[in-house]
Amino acid sequence: METSRRSIIGILSAGACVGLVGPAFAADTIKIGMTIPMTGPGATTGQLQHQGAKLAVDQINAAGGVLGRQIELVEEDDQTTNPGMVLAFSRLVNRGDLAVILASVRSTQVNAVSEDIKKSGLPVFIGGSDPTLTHMGDPWVFRCRPNDIFSSKVIAEFGANDLKKKKWAVIHGTDAFGASGGKLLIDQLKALGITPVIEQGINNGQADLTPVVLAVRNSGADVLATYIAFENDVALFARQLKQFGVNIPWIGSASVASPISRNLAGPALYGTYVVADFDANSSPEAKKFADEFNTAHKVIPDDQPAWVYDAVMLTVEAIKKTGGTDPMKLRDALHAIKGFKGTEGTYTFDENGDGLRAYNIIQNENGNLKFIRQITPAS
Amino acid sequence: MMTAVSMRNRGLLYGGLGILVVIAIALVAPSHGYYLNIMMQAATYAIAVAGIVVVLGYCGQISLCQAAFLGMGAYCVAIGTVDYGLPFFVSLAIGVAVTGIGGTLLGLTTLRLGGHYIGMVTIGFQLIVTMVLTNWLGFTHGPDGISGIPRPSLAGMDLSGGAIYLGLCLLFLGAVTMFTVYLKMSRLGRAMQAVRDNDLAASTCGVNVFRTKVIAFAISAALGGLGGGLFAGAFSYISPDQFTFNDSVVLLTMALLGGVEYAFGALLGTILLVMLPEWLRFLRQAYLAVYGAAVIAIIVFLPRGMWGLLMDRYFKPRPMKAVEVAPLPLLARHGVPSEDVVLNIAKLAKHFGGLKAVDEVDMMVRRGSVHALIGPNGSGKTTILNVITGLYVTTAGKVEFLGKDITALPPHDRARLGMCRTYQNIRVFRGMTVLENVIVGAERGGNDVSGTDATLERALAALDFVGLRDVAHLPVGDLPYGHQRYVEIARALAGSPEILLLDEPGAGLNLTEKGEMAELLKRLQGHGMTIVIIDHDMKLIERVADHITVLNFGRRIADGDPKFALSHPEVIAAYLGEPHRDAA
Amino acid sequence: MSMLPQLLFTGIGIGSIYAMVSLGFVLLIRSANVVNFAQGEFSMLGAYLMLILLMSFHVPYFIALVVSVILMGVFGIVFGVITYWPLRTRGQIPVIISTIGAGILLENTVLATYGPSPQVLPGVFNASGVLVGNIFMDSQYLSIICTAFVLLALQYVIFEKTVVGKKIQATSQDRETAGLLGIPVVTLIFGIFFYSAALGGLAGILVAPILFVSVGIASVVALKAFAANIIGGFGSIPGAIIGGLLIGIVETLGAAYISVPYKDAYAFIMLIAVLLVRPQGLFGERVAEKA
Amino acid sequence: MLLEIKGLTARYNAGDVLKGIDLSVEEGEIVALIGSNGAGKSTTLRSISGLVANVSGSITFGGMPILGMKTGAIARLGLAHVPEGRRLFPGLTVRDNILLGASNRSGVSRSQMEREVDEVMDLFPNLKRLAGVYAWTLSGGEMQMVAVARGMMAKPKLLLLDEPSLGLAPMIVQQVFRIITEIRSRGATVLLVEQNANMALSVADRGYVLEAGTLLLSGKPEELWDNDHVRAAYLGGLAATA
């Protein structure tokens, strides 16, 4: 009995060592922390983010690192949940050896750790596009994507001015991203004097969207705008729209153009317009990244690997400028960055930590993405 | 009494230790970061898991919506503090109240249904709560969740620091754990366990089964709400996806892993399952798979959870110290047989579909008499007992007890009036000790004793009476069959019954044991106890009965003193069949 | 133009999926008293198996279909051996928990092995559907509805007309007595594990062209199928089918005429209503009064 | 010796229910096992059929040790058990219930089985009339007849009958016992458990008296019947005064 008790304690403490202390690495690398969803519904994007960051790190390291030091990625799984995010983030902070942290694209997860970001004392890059994330008076937050005020503005302006459509159908997810995007878009349309003929929220992971499709068809809308986060929902919606003969122009948020959506939906997405913060043809930097990413992973990248790639590059830029990894100095260096050409666009961080505002309009032309033009909305 | 005192001492010891641990943890806890988050998560979850211990561990009702109550509590605190500017503790109290009431309503509407239905309804409730939290934008802020939830201050003291707030959570957790431990040893807790182990027997011991289940549900929900409220303060941000069905499953697994019957088990299980995914992080993508496998392994190899394993290993039940107790007061107040009719049934009928199990039976039991009910197998004897005690609804006819028409009363109200019984197929509370079984009997509402010490004394006296005092500390399942019968009788006697109904007390006993049983019945008779007895052993019946009613095919075929009843030609025919001696 | 006929078609299509998965549930409940919370994962696994056979081994469609359904059946037996057999004497709740654990294990094993991206699985037919009157009939829904009804008929014949079917019914009604008569109870129970996993797998293969192949399939179908089961009557075979169809139709009509976001709630509101009014479910067996 | 039991001890969690029973049945015999409620009669039959987990001692059937074998395997050796309380399959018809009695025999064609069902039903009055109704709608006596008929479909070398008279009206009881004698006349061997001692002994060749898990007596029916202890135990003063 005594032995078994001891062995239990032994096992427990061994577990504690492995889990809590973590593997030790050489101290001379510069460490970049990153929370990504390795499990749960967001694992798809997690993988792309991992690949994007890895590409940047490999390139830097291959070129001799920064300040002569190699860069190392430290990843934690956020399980695509908020409690998972809280723990993953605090695990990273607790290490105490990180230069910066790359946090989530999911706005709700960023919300979940917003207090921890404040206390962390590290520059934290985020990809969540909910505008409020950078408006909480936290100087440590840096957003590497244009927020949804801009995307909704671009959708509204493009639809109303370029396509000249007045009868709008607005369909959005009921998750945080979809709900806030939908609301912003309706506000932007209102500003243009348009009230959508139909507005409808849909839950993630539905088996069928026929009622929504029929409602769109019956509403007589002549343009469709969507904020739907998950690719399988986009693809299902697209296919059912086609089946019921709804062929009105569709302007969607980024996921409509993602490789996964295009793979799943095939021809059903042909002709759709997408507002994307990333497009391979929007700039030489984007083109270069897309080619390199495609070579490495056999996938045409979307915004998910792109913003992470940019975040790593911005970090490197800041480290070069400050000549070290002091978080406070890095933070100030990042705030001082002006006109940094990244894959997502040209970064100039404002006082809130928003680095970008331009969105690209792209169109799905028989499965390939065609860059139409970049719109930089006036604020 | 010794046991009560030692239980209390142990409780105080645990409590004291717990507070020390709280202080120690609060002193060493970092003010923010990973460890603090882990501890806060464990502490707040553990409070909700304690709720599962109450509802599933104690009361045996499966609830798959604990995360919904966790969420409701969290949202009450979040909405109360952020949107309405209420103080933290007021919001927390509202959260506990809302979940308590919610649990009560859910319980009231569903707990009359059977086991897996409750599981299903609670899943439904869980999903609906998640949906409302996600979609009621105007109130819950929708999927964005609510951020900036403040931590409390009390009497000018700021409790918002990480370690201090953790200390607060741990204090709540300590209090909840103590409460859960004490609940198990309380009258209510015993009633819950009795319902879990055998709801029929519980009801005839005077336990209002339905109400007990609802209370367990309400307590469980309120604990979920309390945990949730503290959770909201701990993480200052909540959103609907933190309170989904999967989280309910995780909470349930925590309880089962630790040991669902034990408050400390819940604690242990919660800590382990909060830590397990963390320890398994080195497995990266595979760790949730390993977690799933671990859940199966735990259920297969640790049926009573980790704490159960520890208890089985290191906490052998110890015999109780001998204490003098007054002999069992058995109705000396009423004394001798009299013409008073204690129980009167008239034209009683019970039909099952087309089967007339009991058909227009009249029977009158006089005070102080031993009234035997005999008849061949399947003649309706046990059915009559079940109708008398209220387990079956009467088809027609009337049951009067102590001059009162009780035909429409539920079993526990009949027990309250002083009707105690035993069962043909023994119905003891298997998860409890011999003493606890008997205490449940002594705690019958309407008994002439009340209070912990008095009921304990009465239970010990009842065990003395049947000679089982020495094994009082053992789990009742460890006793041999015959002794379990005596436990049932002691349980009935501890309730100081006005009438004692015994269903085949001699069944399965050997000759010696039967002799002892007859002795016991004789002693009861000598004390003036009014008894209705069913048995097949005619020797036993002849030794003790004052009056016999004979049944066959649900009908009364003879009624009178033993000599008359047993010599009745119809009785002989019923018992012996048509003599076929020539055939043999 | 009225949407009703179209919605009914879709509702029946979705409902047929719930009904098929629910049927697997029911059979396990009836034969082994196992409430299998991993039934949805069977569908997910079936879809992945099919995908692997089609894409990696280039097996022709119908052969791949047969092979994956059979493999799923074999998997069902393994599943039974691990999650049910050691716990068979310990009552319902431990088995529930172990199947939940198995669900987590399966989902994350697949996630870790095949990655999170949803994949495209071709359907039975190449055409996307036909227009009948003004109802668009999705070809995959048509094949689901047909399969569900063929299975229903087949199951009726097997259960009501063959001796094996009668033995299965006997086993579910009184396992001990079935054993006494020499009915190979254990073999039959594992046979049901086989069938129920194969059925779940088939449902997954049929639904995957609509929902795509991803680990998410499991949760979409499983809980609804479970609710269907209760609404129809716990353990009733016709109940599972009618319950499944009912949920499919009610949630589709509810989404169209009441509210889309609360679509998932209708099944459970219906469930609670049924439980309150008629606890044994629509087709539930007579609850005997005699204990 | 068709069935031979030696030192059979059975235990449920509450303790020993059988304490070393020796019992044997020869081919062509009807053996009655009598005793009061809870004496262990049903447990004896359940132990023979492999339904009791915790048993020791030895049981041989047709010379083959069967203790520890699976219930189904024992049934397939030609041992049919008609359990206490009839235990029909309530959701199956009378005909199907009887049909399933043949589950222990292999290689019987469906049509052969159906023919046998008809033959067996002919043995019982009125059973044909009930062929299509669900078992749960039957009365107790009808159920008992279906249960015995189901047992006979097994073509058993040994038929175990547990309390066939339980809850039946005297007329029906006599009918059931007539059928038991009929079965014997067709060469079957029967081990009969009964509380109705008189009835059981009236058809049996030999009897055993079980009391609290031990065998008290055994012998010819007359011997048992004349034994004062048996009379007293079952009838109290009743038989004496009768």
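Chains: A, B, C and D, in written order; residue numbering restarts at 1 for each.
The working rule: a residue touches a chain if its C-beta (ideal position, glycine included) is under 8 Å from a C-beta of that chain, and two chains touch if they have at least 3 such contacts.
Please read all numbers here as calculations on a predicted model, not as lab measurements.
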Rounded Å distance, chain B centre to chain C centre (Cα mean): 36
Between chain D and chain C, distance of the C-alpha-averaged centres to the nearest whole Å: 42
Inter-chain centre distance, chain A versus chain B - centres from mean C-alpha coordinates, in Å: 52
Contacts with 2+ other chains: residues of chain A: 39, 174, 201, 203
Contacts with 2+ other chains: residues of chain B: 134-135, 285, 287-288
Where chain D touches two or more other chains at once, by residue number: none
Chain contact graph, described as a line, ring, star, complete graph or other shape: other
Interchain contacts (touch definition) - all pairs: A-B, A-C, B-C, B-D, C-D
Complex contacts: residues of chain C adjacent to chain B: 35, 82-83, 86-87, 90, 92-94, 96-98, 100-109, 111-112, 223, 226-227, 230, 234, 261-262, 264-265, 268-269, 271-272, 275-276, 279, 289-291
Chain D residues touching chain B - in the complex, by the definition given at the top: 12-17, 36-40, 139-140, 163, 165-170, 173-174, 195-196, 198-199, 201-204, 211-214, 220-222, 225, 232-239, 241-242
Footprint of chain B on chain A - complex, ascending: 1, 15-16, 18-20, 22-23, 38-39, 76-77, 79, 81-83, 86-87, 90-91, 93-94, 107-108, 111-116, 119, 130, 174-176, 178-180, 201, 203
Complex contacts: residues of chain D adjacent to chain C: 49, 51, 70-72, 75-76, 80-81, 83, 87, 89-92, 96, 99-101, 103-105, 110, 113, 136, 150, 154
Complex contact set, residues of chain C against chain A: 1, 3, 6-7, 10, 13-14, 17, 108, 111, 115-120, 128-129, 136, 138, 207, 210-212, 214, 216, 219-221, 252-253, 255-256, 260-261, 263-264
